[in-house]
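Given below, in the form of structure tokens, are the structures.
What follows is chain A paired twice: with chain B in the first complex and chain C in the second.
Moving on, here comes the complex of A and B:
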């Protein structure tokens, strides 16, 4: 089983001592995110997110399937993540690590269970045909905050994706080609965004220090972590802190408020990037966007 | 029924907690049984022992492993949950990570502590009951820990109870302490675990959407619940210890 190389004692002391003086190795503020870069592919629903050296790719695909018998009105939505050796030599194919489980579990809790994607809008014919949306997340490079990056990637890709138009007449279902009818965006109810805090030892005031957007090195040295998922409306979709160093409740609240602030910035950034990409694709003509919507009237 | 929840409690009341130590006799190094209302969990701890496989042994401390079994009859529907079930794995990692940081592992290098949890009945707050049962079983096994880890749940109802529901005003209903299964499936709730019954939070887990302003109240109610759970557990540990010393037990 490959193992992550252990951080040397000198490195460890250096990073932790620097943190005590409110300094990070890459020169960032304690609570600053690295620059998020969003690069869209040629197709809709393909996003490459870069967060410093971390690089995550998300791809949305859709196919028509039968709905689950207990939920005949709802489309299907799955998120698949797999950490492979491409991200880091410590990850193996076919043997999911603990990080793998954590990422898929929290993404599931953040995006799927908070109903970010309106499952009922994916229905074509009740109990017979629905859209099945699949988000594939690929991790290309690992330098910390994989979860935050993959959440941004999935949400951006979902917002970027366009679903082919379907017309139903009697028994016949026609899926129109992209050339024939302009495809429509998915109906996304809110944009949940994950913010992971890394806890370190106490600072000079005896309070637990917390960092945002930790690099792989900082992640290896942290004493505990917590992921909060918030949307821009100030709703918490999910909190996960299992174990690690015990933290005062007051600090947790401070983290939650800070997360809400950061999410507003990230949310705006994603919105701007999407609009820019749309302008580039449409040469400035946005009119059709206002008409096309995936919500069908039921 | 003014001011009462569906099972007759007020907003800040815990369900009956019954705990017992050394329930499995000599088959495990430590064991405990916890009932929180109708949620029933049995925990056994084996260790510190030699690790099952070479890879698991760490030279700088003990490894903690955890396995959770859901009895097929534990829920309202008869469901068999296998080892790869997501819910089971989630619970396992949560318990394992929590106790890996509370047990003084550096004192027990190259050994393994195996926690096995059997959920016999689920009525809300399964994670909380699992954590409480594990704490007691670890105490029974005599494994050094920093302090008690006590867990409790809190929920946020949309509408207040009215009547004698305490200090909250009308548009901000009081959070419910220790939610049962009906409340858990109905209203947003979180599980919180503290170390030593103080303000130090080891675990927070919430899966439902809630306004950020309401989080503080929920956390505060949950933490106060943890302190009460600690008192109850501590009382039982002392009673059991006394019984052992007096020789009135087995």
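Moving on, here comes the complex of A and C:
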């Protein structure tokens, strides 16, 4: 099957030499993100994230199932990621690549295991009926930072999604139609955001060079990478650094602080985009939202 | 339920057919693919995205000595692909293979990837076929894959003549008495649930029939003939005529207009 075109020696030298002079091929600052664009669909829980030429789409769906017998109070939450040939012909169907595994494992650790979604709030009848939330991540176009983009996509989609209202009377449950009762947002405890650093060895002064939001070209040339997941409170949810060039502790601390800074900006951007979409949907009336929160008694 | 469809659809069905809403088409939304297109059906709001890569290297087991292999992958918006997606990709693969000049690129692969973005009902195949097919044709054109001709596909649904809502719609047109059965173009989910039959047809620019997917939707509504079919031959022929007219005139006009707008060809 086709491979990604290999970077030529001239291209490689050009990019690396430019980096040593603090220049990137696309003219960005070393630690600048590309513009993040969030596009919401007609349905709740449908978000299309564009980060430069990278495009990732997340869709949330919910169904009622039986909980796991060892966790009768908790709902289910799964994240499904699959890199298909749409993002790049180098990705084959049904044969997950290494990148595929990395993305799904880090997303799992960042969002699911950091308890971003309150699993207990998904319980309808203990040990019998719970909501099963599914996040489908579709990679449409690959130009680097797939992980950062997909994390933003999943978190935004979760915050955007509305769960139908359920009433329980004895053993029977009634799922109310969207037209009948206003659906409620999910109970999201915090918004973890992934920030990936790409390392490029030492510059002339012997300092490790690191980039944020690398493009596909930069990713192909980097000497190592590290993903830090932080929420807006500055709490680190996970750090993943599998292999690559060795990084000093001081640089690592600097990265973590930078990540926390970037996450605050992204967090605010997501919040603004969600509010704007809500205003568009409800023609400027946000009052109903206050009553529709999942945290309130129903 | 009695359908008496006139065999001259051009005269009787024209009023309902007035003003075909133009689909929302975005060309080349994906910079990495050779050709790509995003298509939103104007009435059912079904949104699909297709990407074409090709001719590229083919797996040894799929290699054909004299022809290019055409592969279609359909990915659903929710969940993992199953029987439904395999069925969709088979329909698309067969229809598109008949359009592509596969002999021009022997021993290669033309890979068409389709992603369903939004759909009112993702379990309903007939809502998806025509957007997917039209979108794939745009992607193939943009990827520069040699095609024998262009084609267009429409989805037509027949609503029972006593359908209340259709009658309301018809009030807006001047001529209501002629309609004995109502054909709806690119129906949405609500219209489809009231329909007695639904037909997806594709025609090439020259009027050659490429695809027929006719379905009896009369479950629940109550089929009208003993064999459970939701249509008879006369009715089907009038639908086929209507579809051919739509594909060869409106469809071709849409393709021409969209490509001209982008100043591509």
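Assume the second predicted complex is superposed on the first by the 293 of 298 C-alpha atoms of A that agree within 3 Å, B and C clash if a C-alpha of one lies under 4 Å from a C-alpha of the other, contacts with A are read in each partner's own complex, and residues count from 1 in each chain.
Going forward, contacts are C-beta pairs under 8 Å (C-beta built on N, C-alpha and C of every residue); 3 or more make two chains touch, one makes a residue touch a chain.
Model, not experiment: these values are computed from the prediction.
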| item | value |
| --- | --- |
| Which of chain B and chain C A:84 touches, first, second, both or neither | second |
| Contacts of A:130 with chain B and chain C, given as first, second, both or neither | neither |
| Which superposed partner A:101 touches (first chain B, second chain C, both, neither) | first |
| Which superposed partner A:42 touches (first chain B, second chain C, both, neither) | second |
| Touched partner set for A:253, first chain B, second chain C, both or neither | first |
| Chain B versus chain C as contact partner of A:147, first or second or both or neither | neither |
| Chain B versus chain C as contact partner of A:109, first or second or both or neither | first |
| Chain B versus chain C as contact partner of A:214, first or second or both or neither | neither |
| First, second, both or neither for A:55, with chain B first and chain C second | second |
| Broader residue contact with chain A after superposition on the shared chain, chain B or chain C | B |
| Footprint overlap on chain A, comparing chain B with chain C | 1 |
| Chain A-facing residues of chain C, complex | 29-33, 45, 47, 49, 51, 53, 56-57, 59, 73, 75, 77-80, 111, 113, 115, 117-118 |
| Residue numbers on chain A that touch chain C, as the complex places them | 1-2, 41-43, 46, 48, 53, 55, 57, 59, 61, 80, 82, 84-89, 93, 134, 136, 138, 140-143 |
| Of all residues in chain A, those that touch chain B in their complex | 1, 98, 101-102, 105, 108-109, 113-114, 223-224, 226, 230, 234-250, 252-253, 256-257, 260 |
| Contact set on chain B toward chain A in their complex | 55, 86, 89-90, 93-94, 96-102, 190, 194-195, 199-207, 209-213, 215-216, 219-220, 223 |
